[in-house]
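All remarks here apply to the structure that follows.
Letters A, B and C name the chains as they come in the text, with residue numbers starting at 1 for each one.
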Amino acid sequence: MLELQGISAGYGSFQALFDVSLTVQPGEAVAVVGPNGAGKTTLMRVISGLLPARSGTVRMQGRDLSKVAPHRIIAEGIAHVPENRRLFPRMTVEENLKMGAFLRAAREDFPERMEWVFGLFPRLRERRSQIAGTLSGGEQQMCAIGRALMSKPKLLLMDEPSAGLAPVVVLQVFDLVRRIRQEGFTVLIVEQNVQQVLKLADRAYLLEVGAIKMSGHAKELQQHDFVRKAYIGL
Amino acid sequence: MSGRSASPALRRRLWAALGLAALLVVPHLPWGQYVLHLIVLMLVWACVGTAWSLMGRFGLVSLGHGAFIGIGMYGVGLLWNTYSLTPWLGIPIAVAAAVLVGLLIGYPSFRFQVVGHYFALVTLALGEVVRLSVIAARDFTGGSLGMTPKHAADEHVSWFALQFSNKAYFYHFALLLWLVVLWLWVRIDRSKLRTALEAISEDEIAAASIGIHVTRTKLTVTLLSAGLTALGGILLGQYNMYISPEWSGIGVSLQVVFASIVGGMYSLWGPSLGAVLTIALNESLRNAFGTRLVGASESIYGLLLILFIIFMPNGIYGGLAAWWNKRRGPPAPTPGADAPSSASSR
Amino acid sequence: MDFFDIYLVEAMLNGVLLGGVLGLLALGLNLIFGVVDVVWIAYAELVMSGMYVVYWLHAFGVPMVLAGLAAMAVVAVMGLAVHQLIIAPILNTPPINQLLATGGLLFFLQNFATVLFSAEFRNTGVSLPSLRLGDISLSYSRIIAFGVAIAGVLGLYWFLKKTFIGAAIRAVAQDRQVMVLMGVDTRKIYLVTSAIGGALAGLAALLLCLQIDVHPFIGLQYGPITFMICVLGGLGNMLGGFLASFIIGQIISIVGFSISQDFAYVVAFLLFILVMFVRPEGILKRRA
């Protein structure tokens, strides 16, 4: 479904990604792991169109995304859950979800979609009129994911969903991701928490200093040395 | 050094002396009264603009410098008209008043970290306060109609009242003030004060953490700027023999800012260049339109300003400097080549 | 002790009425600042332009209400132009540039109006009677202006709360980068917001025409005080701006009544300066 080939990108004179290639098949959960500063968020930004790639292509279902304006990427079926949630702090949960359904197509059945999201995340229904800034970390993440789901995306991008959350909450968040997968969504997750994400991903890529160092099935990578190193205390 | 041609330092001094001599001769050349009038105005506004840029170049953008112009003018004018106090005494008092006001506004602003947009608006409010106070005290000041300093006994030259019918006198005063302002600018530019202020405008907290006394540093340029601007205002008042609250209004304050930016507010000559260009432009437009279409020249001025900000934010001096340096090859960074740095936004 | 001076009450009521109109002015400015993050120094000049539209249409026999609607439309278009032609090219440059560019616009509008209409004071000639409540007399023009201003505020509130575009406008003010991910073209939002800001200015123009004469430099009277009000309430905070306008309205009216009208504005500005020292973010913190 999603195909990156030879992506290089950077900020000004600083190059963050070097010739990155990866694929995501429909129905898969693919993880991109790596340490801080590896370029994971940059990768997400290139896919979302927030950062133009210096070379290489991004294709979604065969369509070259470089021609597409950033605010139309979501219309291509890619929804991005940004790093640190980025909810609208002074709007309610319901209003945040509403913004997720801004796309013309989504606007019409916004009430139905919202019901569906509440079905997936009952906690959000309880808190529907609560101001997003007052939610707990885990609830905010739930809301952010829900907001992205409102557009019924073909591909869900998740940028470090566990960032800034307590370990118990992290487990809850990954359970959420599993639930989404059960609904049939294709997911590309970028994460620093190697151990947890490999438990739920099908395949994974290791990104270090802007380049793919390793890739393969999650089970294989779990056994690999670097995971143990990460677990012990990278 | 024997037998060799003059060292660069000596050569520079010779040029400076020549320049000074040329400047001193100016009012005695046959320009005509109108041109001399314009030259005096250009000098006065060059003073005010450069004084403004002492603050502006470090991110302390004031939109209310008209306040100091007004305090200077009215201070001297009121003391003269009401108490017949000679401007020789009136001037220090008025300048002190302006500096005091600068302190009253500056100290709390800097102490409580009112910066950027907010500082600009506080200065705007200050300008309005001065303007409206003058209007409100109409019994003393003549209100919005303005005030004329009473004429001294002697019609043509009065050193006591500092009133002269010959423009040459004002030319020399303006020239003196201008040279003083420029000299101060250079002194500051070469001093630790400048480095401190640049550090502050980059990151106030970091600067404070390395021992820079932020409030005191900012206050220093503010008070200097206030006092020098007041002197400019006083000169203007004495020259025009007319003072009005509109000199403290937002229109005048904005014009000061524009002129400095158009000329290039980071450089020594920029604000002066801006003053010259602004006055020259205004006058030529006014001459082109004559008395028909009142307001046409100012409309075009406004339009040009908009275009200018959009297309040439570095100022003319900055733009020229950048172009010149490009021709010479890899440059050392020139102050004028940067875009006006942001007043730190909140 | 005759503390309860009926004329003081009248002044206070007038202060409330004044607050309503100031509130409408502040609303437009706050909306634009909150969403686009720029201060239109020339906002009052847009109002002035709207006032001329109302004046001339009315002079040609168009009823005031229609003239007002026309003014709203015209100034809305002006708002679009201001954003597209002046703000958009310099959106990412230091904020001082936007202040100065709109400052240039201020000069231009004031003087172009002088060229077109001359500097004379013009009155629409609409004079309405006064409402008498005992010894208090309140001009109907002010009452109507207040009512319409409140209606405008409520209308805007409804729009922002209930519509998708309104929600998008509020969201952009809170996090503009993320909006792209929702499929929102922020440029379009800025344009819509600028048009609404212009329309509000046009509405304010109608209300002012009922009360005062129009001349090219009237912006100098209302501009600075509007900025002060916005900042006092927290730049970008619409509720704060609304509250601040009533407070300032009261101060201007009461001081104007007790001492003098001129002095009232001096006090208002001095108060502003003082508040800036105490709480630079304004009475209600800016919705950062």
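Everything below uses one rule, namely that contacts are C-beta pairs under 8 Å (C-beta built on N, C-alpha and C of every residue); 3 or more make two chains touch, one makes a residue touch a chain.
Predicted model only: the values in this text are computed from it and were never measured.
Among the remaining chains, not one touches chain B and also chain C. Ranked by how close its C-alpha mean sits to the mean of all protein C-alpha atoms, the top chain is C. Each chain gets a centre from the mean of its Cα atoms; for chain B and chain C, those two points are 32 Å apart.
For this pair, chain A with chain B, the centres built from the Cα atoms lie 55 Å apart. Computed centre separation for the pair chain A/chain C is 43 angstrom, with centres defined by C-alpha atoms.
Those residues of chain A in touch with two or more other chains do not exist in this structure. For chain B in complex with chain C, the residues that touch the partner chain are 61, 63, 105, 108-109, 111-114, 116-118, 120-122, 124-126, 128-129, 132-133, 135-136, 138, 249-251, 254, 257-258, 261, 293-299, 301-306, 308-310, 313, 339-343, 345-346. Within the complex, the chain C residues that touch chain A are 164, 167-168, 170-171, 174-175, 177-186, 287. The part of chain C that touches chain B in the complex is made up of residues 39, 86, 89-90, 93-97, 99-101, 103-115, 118-119, 216, 220, 223-224, 227-228, 231, 235, 260, 262-263, 265-266, 269-270, 272-273, 276-278, 280-281, 286. Those residues of chain A that touch chain C in the shared complex are 48-50, 69-75, 79-80, 82, 86, 88-91, 95, 98-100, 102-103, 107, 147-148, 151.
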